[in-house]
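Right, one structure below, let's go through it.
Chain IDs A, B, C and D follow the sequence of writing; residue 1 opens each chain.
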Amino acid sequence: MDGAAPLFRMEGISKRYGGVRALEKAELSVTSGSIHGILGENGAGKSTLIKVMAGVVAPDEGSMTLDGREVSFASPAAANQAGIVCIFQELSLVPELSVADNIVISDPPTRFGMIDRKAQRRIAEEALARAGAADIHPLALVKDLPLSRRQMVEIAKALARKPRILILDEATSALAAADVAKIFAVLKRLRGEGLALLYISHRMNEIAELADQCTVFRNGRNVASYAAGSKSDNEVIELMIGREYSHIFPPKPVRLPATAAPVLEARTLSWTDRLDNVSLTVAAGEVVGLGGLDGQGQRELLLAFFGVLRGLSGEILIDGRPVAIASPAAARDDRIGMALIPEDRKTEGLMLPMTVRENLSFAALDRLSKGGIIDRAAEQRLIDDMVGLLAIKTAGLDIPVGALSGGNQQKVVIAKWLMRQPRIILLNDPTRGIDVGTKQELYQLMRKLADAGAAILFYSTDYDELIGCCDRVLVLYDGAVKRELVGAELTERALIASALNIHGGDATPRHGADA
Amino acid sequence: GPEVVKGPAAEPDCFAPWAADTQFFKFPKKDGPYRIALANGYIANTWRIQMIQTAKAYAAQKDVAAKLKEFKVVSTGEDVPAQISAINNFIDSGFDAIVVNAQNPTAFGPVIKRAKEAGVVLVAFDNILDTKDAINVNVDQKGLGELWGKWLIDHIPDGGKILEVRGVAGTSVDTDRHNGIHEAFDASGKKWDVTEVAGKWDDPTAQKVTADAIATNGPFVGITGQGGDTGIVQAMIDAKHAFVPFGGETENGFRKFCAAHAADGLKCSSAGTGPAQVAVAIKTAIAALEGQVVPQSVKLPLAIVEDPNFKEGQDYFPDQSDNFFVGNSFPTCGINFTAQEIMGQTKADQ
Amino acid sequence: MSETTMNGIANRMPKFIRRADPAVLTAFACIVLLLFLGSLYSRSFLSPEYLLQQLKVASFLGVIATGMMLVILLGQIDLSVPWSVAVGAMMAAAAAAYGPIGVALAIPFGIFCGVLIGIVNGIGVAYLRIPSMIITLATNAVAQGLMVVYTGGFSPQDSATGAMRYLATGFTIPGVPNAVIIWALIGAAMVLVLTRTSFGRSVYGIGNRERAAYLSGIDTRRVVMIAFAISGGLSAFGGVLLAGYASKAAQSMGDAYLLPSIAAVVLGGTSILGGRGSYLGTVAGVILITLLQSILSVMQMPEAGRQIVYGLVIVAMLLLYGRAPASR
Amino acid sequence: MKDWRYWLAEQRGTLLAFAIFIVMFAIYTANHPAGFTANVVQTASNKGVLLAFVAMAQTLVVITAGIDLSVGMIFTLTNCLASWLVIGTGLETAFGVIAVLGTGLLCGAINGAIVIYGRLQPIVATIATGAVYFGIALLLRPFPGGSVNEDLADALTGRLFGVVPASLVALFAVVLIVWVPFSRSVLGRAAYAAGSSETAAYMSGVPIRRGKFAAYALAGLLAAIGGLFLTFFTYTGDAAYASGNAYTLFSIAAVVLGGVSLFGGKGSAIGAIFGALAFRTIGDLLFVFDFDPLWQPLFQGVILLIAVSLGAFALFRVRNRLEWFL
């Protein structure tokens, strides 16, 4: 920014949603041939800023210049036209269309007015290859792909548009390390080709690895810009959350393995070709991690416990007694007391148009009502407790939960299950898209719940998190538990090695673990 | 195709020609027993169900059954093309005669052509066909309207406010009856102020629009209803509207009211042709197949009962459904069904 | 946390002001406007007899639309209304043929038959996951077929019992037709169910996102099934009332209630996509539709003109207040 | 997976509809007294093609995740209009045909404009416009009547070379001229994308509004082609409310039988055509089986119920209960 004239510049951008100030006179400059990292806690206004940039949201005030000329975009199409392409935090793929259809969607190649399918396929294959995702078939329907693959498609789609400015809003949040590495290589190449890149992420290490320049947002404003590497992580975090910051992970209690009786136990659980003879135990007070590459059956395992899968073989035991859990309703029942924080909060965790209040109490309605009638006072009490406990930041309880920032939405999902005081908590990548401050709160909460006697099974794509939070980690590969890492074995190297199912390293194979 | 001949018809009292210039047909005589089909359209209302029951009852009568090898009924719903296709199919399957209650009188041109070429006798009734190439068993809808109009004129000396509850818009029956009523009114020289509402031949609808009309435009000195008449009277009772002369259809419920409240001023003319006309249509088809002379257009007599002649057990049946259509006898054709014969038909079958 | 405290204060504002949906307010304003326009044509549109008469007639549609609304809130639709209405009416009347016990059980039996249709719909939608628009179309056809067989095959007893007549046309409170009271009771129950019960919350939740509701441990299939059963039952009850009003049951008596019941619910601001809407809106929608039909009928406009005006007025009113929010 | 497998997966709904139709039609002709003759096929295709056009119209709108409850009324309106205009010399007739099709297009465009630019929910918006269209039809034909160029009508409802039903050929031509270009165009893609996920499509810069508008307008056009054929088939115009409504409801049934998802984004008009033909064959089955006339409506209802429940068998293969909610 110092020497080169900025390619794109935003000044004095403000945007309000009702009473919420999403952006307040925000500024940003973007230079060609560099990667600009954007940081900020949940709800800081990062997504809103880039939505303005991409023509999705009309700002209330402020101006934008591209190549020194003032511009304003009436629609995403107009922004695309100007060379600004965005990969949104909420994926913007059309589920019923094929991968190839999606990649060329904004400007398909045509012949005689009709879409040229051959050309389309060629473009799609090229783009997928550039994004390092050549294994995705261009004719597959997007809805059939797992989330991590969809993000790859999303990146390929952006590349196919030949952008001048490419924006990635938490585009890697669902990706495991191997895919992230591939993407990074692509992004660095693009930088070399002279593109301007904007990279939003809550993963500090990613920003550190990638960015040339960083900007921190807080409360709708840009509070600091600095050259990458010129500030320590703690300094950055303090900028983001506006207060002092220390240990991210709570201390783990020292415990002897296998003292407590298991609350949750699986014996040779198998399901289609996704789960392969999984056996595991989780005791009260224990946080057990699920590791491995994305899509190795972790999600299915959690769904199996929660009564969603049909045709399971093997046994699930609660408190040592075999149970048949046929539905989430059965799983949450007091005798079992299970809770699942699902993977996709927008479609599985929340009813976005409904109010924060209604979402919070939704899973606990049976407890809050007598004869089917809801006791509103009790509901209010419990909600107040939860809002306080998790520090949910909302303009009110009667606004749609969809208006909350991603992190706060995630807190609502967790809070709604904590209202039932579950004994067994299954977490499916709960920190995806959550800022460090919130993450920290969440880790502490997890430990607190475990200390209070909950059995926690925790799946994450973030290795640091698994290492920092879990008493034990089970690494899944191809639907089977390949390794169990306990105590000192729990290192990043061991996690990666076992995730890739490479023997050796400093981890012991599973069968040796209990010896 | 048939030979056009001079009248009179074989059973002149039953097969009465529609008008003086009506042609007479003589089809080549075929040997029985015959295969006859009934192509019905809509089925889910009482009139049609009663009609089909009557058709079955008639076909089951001993002397009729003896002449029939097959009697097949198909109902195709509201959709005209489906009915046309059904007739086409009957023609292709070699039926000797097809009796049809047409969903749309004007739409059957191509089928009539095909039937003629194939030598199939086509007889239409109720909703008849707009043609000179098929036999129509005809109700004088306009005449019915005139009858009601004249009845009101006779019973309301000074003219005044009349409520006319019409039927389903866009049907020729509705239009013909409406025109008949108004021609009679116009010819009377009295002053009439007619409030028209659409009752769709349906009791609840007729009742609702009548109640509205009474509340906003009433009171009336006379009423005429094309159908849903039981509902109309009910609305009068609910609104405590005075009973006034009423020209209406032949529903059993309506006649029950007429009989019960005649003394209070509910003087009625109840006229129409019941669903039993299907029997006349079948009889005509058989006659044509037997090579007898029949008019191209048969004029059905109206079954009329007027105040004070409502007789229990003959003109109305207190223990029968309100929705039952009375007027099932055509004495000139030797057709006379009792309510029990018609409604008991399927039960006896089973 | 200061935001939530603020909200606590806002919570204490009178509920109906805080909650009043602009759509519902506009709908009521449209009712007043309609009456005003009607009164220009004839003063009697403002007479109490006429208004009560309209309320009475509206209550049949109101009862039916209540069930329809529940189903629409789930993001589904019930196209079996016409013959559920007819089945309710005809079966209630039929039961009356079986002696005094039959007469006593006539109304419950009619409703029960409607519930059965609703349960078939519910099984189709909830357990077999057939789109409601198509399964209810099919059950409607089956119900029609059954009634044709019934009418033709068994001497039908189709006059309404005294109790049915009393419910539809009698007066318990002088001046207020029983039908209106019944609608009010059903409406009040519905408001209670929708706002105060976990069943009601579940309905909204499923309407917004069934997957999330299911993962929250709601037995979504049961809720959907119950909602359809209620819809079937209320349609049948509407039929019972209608039979009481007309003193008898008839085949096609429900045909006139399908599209108006959908239109009433949507005019009342309920989203056809489910998950959003209030009962007060449905009340407004029902009255609007009933008044509009009645005024057009009494003005003696020919059928063609009536259809055109009816359509245009609905579009105009929706454009006035029923538009989806602009997305930018 | 091989390419053809993806193709197969995409066409599954269409193929299933095709299979259902073939089975039903085989049962029908096998039991028909006249057998599988040119006459029988012609009769069946004339009847089926009418619904096929209306079902195609419905498909276009359903793909955008909308629904058009006015198709039956556009069908009726254009039938009434055609009974006035499609008559006389060749030139007059041609002009009449263009006017009728233009009217259909206009009706569809009005629906589209109200739904897209007026932002109204399609169900109720089209209930309302349907009432308007029917009112106009009733103005045109207060009672049934009118006429049509019978030479043209006979040519299009007759047979080519004595065997091939001309109406089927016309249907095929319409598929080639309207459906194929639309489904492969950018606008068609936009219609699919908008139906599948409007937000995602919008975020991706897809011209959703134009795509949806084109779908609604073309739906009007297809319904008008249906109305034109109705006129050819019946020689008259008839403003029948019940029949207009019936076609609307049948078109929904046909679309679902044809594997088009009512949730939008999925399915093809070809599938809907077979759905329509299959649906029509249900009615024909009555003809070949000897049912008590009063039991016929029940039989039809039950067959419909079974046909629409067929898709539910896929449910038993679902191992992950979350797939219920897709």
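The rule is simple: a residue touches a chain if its C-beta (ideal position, glycine included) is under 8 Å from a C-beta of that chain, and two chains touch if they have at least 3 such contacts.
Listed by chain with UniProt protein names: A = Sugar ABC transporter ATP-binding protein; C = Autoinducer 2 import system permease protein LsrD; D = ABC transporter permease.
Only a predicted model underlies this, so the values are computations on that prediction, with no experimental measurement involved.
Undergrad: Would you kindly say which chain has the C-alpha centre located farthest from the C-alpha centre of subunit A?
TA: Farthest from subunit A by mean C-alpha position: B.
Undergrad: Could you put a whole-Å number on the gap between the CA centroids of subunit A and subunit B?
TA: 72
Undergrad: Where the centres are mean C-alpha positions, what is the separation of subunit A from subunit C, in Å?
TA: For subunit A versus subunit C, the centre distance works out to 43 Å.
Undergrad: Using mean CA coordinates as chain centres, what's the gap between subunit B and subunit D (ABC transporter permease) in Å?
TA: Using C-alpha averages as centres, the distance is 35 Å.
Undergrad: By residue number and range, which residues of subunit C touch two or more other chains?
TA: 144, 148, 152-153, 211, 214-215, 303-304, 306
Undergrad: Among all residues of subunit A, which ones touch two or more of the remaining chains?
TA: If we look for residues of subunit A contacting two or more partner chains, we find 56, 308, 327, 348.
Undergrad: Multi-chain contacts in subunit D (ABC transporter permease): which residues touch at least two other chains?
TA: Residues 138, 142, 202, 294, 296-297, 321-322.
Undergrad: Any two chains that touch count here, so list every such pair.
TA: Every touching chain pair, ordered by label, is A-C, A-D, B-C, B-D, C-D.
Undergrad: Where on subunit C is subunit D (ABC transporter permease) touching in the complex?
TA: On the subunit C side, the touching residues are 77, 79, 124, 128-131, 133-135, 137-146, 148-149, 152-153, 210-211, 214-215, 259, 262-263, 266-267, 271-273, 303-312, 314-315, 318-319, 322-327.
Undergrad: For the complex, which residues does subunit D (ABC transporter permease) have touching subunit C?
TA: The contact residues of subunit D (ABC transporter permease) facing subunit C are 67, 69, 114, 118-121, 123-125, 127-136, 138-139, 142, 202, 249, 252-253, 256, 262-263, 294-302, 304-305, 308-309, 311-312, 315, 321-322, 324-325.
Undergrad: So in the complex, which bits of subunit B are touching subunit C?
TA: So the residues of subunit B in touch with subunit C come to 43-46, 49, 52-53, 169-170, 195-198, 200, 202-205, 207-209, 211-213, 215-217, 230-231, 234, 238-239, 253, 320-323, 343-347, 350.
Undergrad: Would you tell me which residues of subunit C are touching subunit B in their complex?
TA: 42, 44-45, 47, 49-50, 53-54, 57, 144, 147-148, 151-159, 169, 242, 245-248, 250-253, 256, 294, 297-298, 300, 302-304, 306
Undergrad: Give every residue of subunit A touching subunit D (ABC transporter permease) within the complex, in rising order.
TA: Per the stated touch rule, the residues are 56, 75-77, 79-80, 88, 90-98, 101-102, 105-106, 108, 110, 113-115, 117, 137, 139-141, 143, 157, 271-272, 300, 303, 308-311, 327, 348.
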